[in-house]
Amino acid sequence: MKHIKTKYEIFRQKAFLIIYGSNTVAGRLFDLILLGLILLSVILVMLDTVEGFNKKYHNILIVLEWIITICFTIEYILRIITIKKAKNYIFSFYGIIDLIAILPMYLSIFIVGSNVLTVIRALRLLRLFKILNHPQFSGQSVQLRESIIASRGKILVFMYFLIISCIVIGSVMYVVEGKESGFTSIPVAIYWCIVTLSTVGFGDITPITPLGQFIASIVMIMGYGIIAVPTGIVTAEIAKSEIKRQTKKAIPCGQCGTADHNIQAKFCYKCGHEFPEI
Amino acid sequence: MKHIKTKYEIFRQKAFLIIYGSNTVAGRLFDLILLGLILLSVILVMLDTVEGFNKKYHNILIVLEWIITICFTIEYILRIITIKKAKNYIFSFYGIIDLIAILPMYLSIFIVGSNVLTVIRALRLLRLFKILNHPQFSGQSVQLRESIIASRGKILVFMYFLIISCIVIGSVMYVVEGKESGFTSIPVAIYWCIVTLSTVGFGDITPITPLGQFIASIVMIMGYGIIAVPTGIVTAEIAKSEIKRQTKKAIPCGQCGTADHNIQAKFCYKCGHEFPEI
Amino acid sequence: MKHIKTKYEIFRQKAFLIIYGSNTVAGRLFDLILLGLILLSVILVMLDTVEGFNKKYHNILIVLEWIITICFTIEYILRIITIKKAKNYIFSFYGIIDLIAILPMYLSIFIVGSNVLTVIRALRLLRLFKILNHPQFSGQSVQLRESIIASRGKILVFMYFLIISCIVIGSVMYVVEGKESGFTSIPVAIYWCIVTLSTVGFGDITPITPLGQFIASIVMIMGYGIIAVPTGIVTAEIAKSEIKRQTKKAIPCGQCGTADHNIQAKFCYKCGHEFPEI
Amino acid sequence: MKHIKTKYEIFRQKAFLIIYGSNTVAGRLFDLILLGLILLSVILVMLDTVEGFNKKYHNILIVLEWIITICFTIEYILRIITIKKAKNYIFSFYGIIDLIAILPMYLSIFIVGSNVLTVIRALRLLRLFKILNHPQFSGQSVQLRESIIASRGKILVFMYFLIISCIVIGSVMYVVEGKESGFTSIPVAIYWCIVTLSTVGFGDITPITPLGQFIASIVMIMGYGIIAVPTGIVTAEIAKSEIKRQTKKAIPCGQCGTADHNIQAKFCYKCGHEFPEI
């Protein structure tokens, strides 16, 4: 009995290195095949919704989707078995996505058409960053994420103002334009306001009365200033993080303590103290 | 007589703390219920304009709206009574909004349909910032406001140029395209120009003649540069205020207390006091 | 004879002060009336093109336009007479605009409908900056202009690339989509490309074939990066000019020559040297 | 025999200077004529696709196109003959473009309509930068290119996220809106999502159901923040390169010649040489 357990233990360890790690050749290969399967799966679901394609190859598509789903199910089970603390994986961000990625296909047995939801598998493509593990790329993505997180507070305050403005402007437009112009209700008018302020401008609903067009003009000119605000926030944040990153690399001078040295500096620019070779 | 007055005085003080303050438990609860009522009221007015919903639940909606309006009226009266200088509240930003928020409902007794204007209550949602009183959020909103105020001058100059440009371009397009293409009058052509320069582009009015499309192309390429200007202004302002905030963090002078020193400063720029070496 | 000449000379000097200057009460009044007339004139021409309005008040509008045109003509003649070197005015930016502003109305005697061009008078509204003469506003507008001029080189290089890209992408779309989708010729396809890349997106011409939509998607994702470039250029320029403006105010330290002092600094932050009081 | 070879050699050297160089008068003239021909050729192909123009002048256009193509063919052969290492030219960026620019016309003998592809000649207009050789312009274009290259990593990471988001949002919209609203398949829904997130907003496909409009609203508000990201990245990069350029202007070290010193530096950061006091 113990013999079998050890054998199983060895398999578990090996599988763990292949599935979770990306340093071994087998691990890298596994990751690449996985990414390929995810991509294939996403493309299959997409093609399945295209009229002409669906009619011709429906059966092949369904078979392929099932094969991939079974592969993913095996992978999911293996991920749970091989890791020491299964909870850590199951309730992690990727663990939840992995589960969601296989459920819709099994649901489609009971509910017709729910296999469309397998497209959520696209989220599994985020694994690429984990797999790449390339210092430059991961550095960039970390810096981007930090900048966005740092500007979160301002963005939230800004969006709160934006939504209140949209409610007020939308209501005014509803009163001014009325149902004839397509502003059939206040929620629809708010939708129009968001479409306009974000400069998307579908044109499915447009003001027709002169007063409505005048208000719309003011909204659009305001939109100019408004679109500048989040851009300004994020830009300032990225610029700050850029500067921080450049300063972080520097070691302060051992003699005078000056900290903002050029990364390549060999001597302190203030007291001339020579930096030790690293 | 005096006894009653004192009792009334005590009630006034207590009510004042609950209505205006947000430090006590009762005060916080009052604020939360108020926000909830405002939100509910805004949603009710919105739903009232949705065709299908209106027909089914019209009576319930009207009754609920009246209940909320009466609540707000009582709150408004209490706010006037409990504060020492009623004028300070009545003519303040929030005081005016609070009044406007209850008026349309009473107006709707005389003028049918004016209850739609109760949506202006959405502006009361701005109270959230007063209620939150969270240092981080209020700091963010203060910084945002300051940046926008600081860039006000440049934005105004920019918009003046923009409007003059729109008048001239709009007129040219009116002459070039004419009534067949939808450019029915100069104001409409100016409206088109604003829609285009702000990159909203509804598509309700579009140039049809080759010359019109050529001029529109130039306007759009110009629009590229133009949209960059307010963004640049606000970004530079936010970046500046960020830097200011960071410099403020530096150690204040031990002699005169001045706080916004250059990070590398060795001497206080105001009193010449030498900073201790760190 | 000499007596008359002197009288005329005195009138010329007085008129000059009123017309060109804005320091005297009469001068300011003249400027305000002028701005009012320009604004009125622009609004009149606009209203003249509005169908309903035109029919009712056509005669009144024409009479008013003629009155204003005669006023502007008298003003133009006075400007030429009262200034010493008439050439300086006639060939200046404002001189040319002033002439163009009165010509279309006289042309309309011979060519019906050319009075629409009087809208060019809107350009006269640029005088506001001359009239305001407010240090803050003129400072802002100077800084804006300098930033735009400084980024002119990069913007031109960028636009050259943009136009070449639009020609190539437009042609590809013409080949892919063809006449059925509205891409009737290469110039029209280029117009579509400019509309798309500038994120205006009228929607009068849209790709229908899957391949066309795929290429359009790539163009739009590229457009994301592309719209960032001019914004980045102008922002960097404004930020730089902001910094320059702040540094310009500083005087370098007389003892050690350090130049980047805080504007309020009383002592050099490097050597502690006290700045002389200004 | 040798005599002839030398004569040919002299011709080759002369031709090389004229074709590749832009310092001699003949070389400049050649460049100008070349640019003119490219521009003319691009305009000819464009006009050829315009219905009305094509019918009238088809034959003249074809003849002119053939003349220009033959000129370009001769130029291409000369470029190969006169340069020492023909491979360097043939496989360079410009060499490939030059070849692609003449091929479609010869192809049009066999395949009707392929002469439209001669528009690719527009890419030859990029030669302008080589020809201008103006230090300011080439400096600007180098700085722009460097900024874009430096922000390449972040832009790629950003776009990967963007595409995954578009797949997920597009699929959700396909499920919510369905074929009646124009969301005929997931690829089309993804196309809609890209059109919306890039704020282009054609309006050829728009959500009709309330839920679809609600999701679209969220997507557009998100789009606000998203459009800020690449702008922020490029702006920070351009600002950084601006600062780098300004620091480079500082006096180089008298001992080792290092040039990019901190403006306040008292000692060279590379060799510790003390800068003379200014």
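Which chain is which? They are A, B, C and D, in the order written, and residues in each are numbered from 1.
Just so we're on the same page, contacts are C-beta pairs under 8 Å (C-beta built on N, C-alpha and C of every residue); 3 or more make two chains touch, one makes a residue touch a chain.
Quick caveat: nothing in here was measured; it's all calculated off a predicted structure.
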item	value
Equivalent of A-B within the choices A-D, A-C or B-D, defined by over half of its residue contact pairs recurring	A-D
Pair with more cross-chain C-beta pairs in contact, given A-C and B-C	B-C
Where chain B and chain C are represented by their mean Cα positions, the distance between them in whole Å	29
Approximate Å spacing (C-alpha centroids) for the pair chain A, chain C	41
Residues within chain C bordering two or more other chains	187, 190, 199-203, 227, 231, 233, 235, 239, 260, 270
Partner chain A, residues of chain C touching it in the complex	199-203, 231, 235
Chain A residues touching chain D - in the complex, by the definition given at the top	42, 45-46, 49-51, 116-117, 119-120, 122-123, 125-126, 128-129, 136-137, 140-141, 143-144, 147-148, 155, 159, 162-163, 187-188, 190-191, 194-195, 198-204, 227, 230-231, 233-235, 237-239, 242, 260-262, 264-272, 274
Chain B residues within the chain C interface of the complex	153-154, 156-158, 160-161, 164, 167-168, 171, 174-175, 184-187, 190, 196, 199-203, 206, 210, 213-214, 216-217, 220-221, 223-225, 227-229, 231-233, 235-236, 239-240, 260-262, 264-272, 274
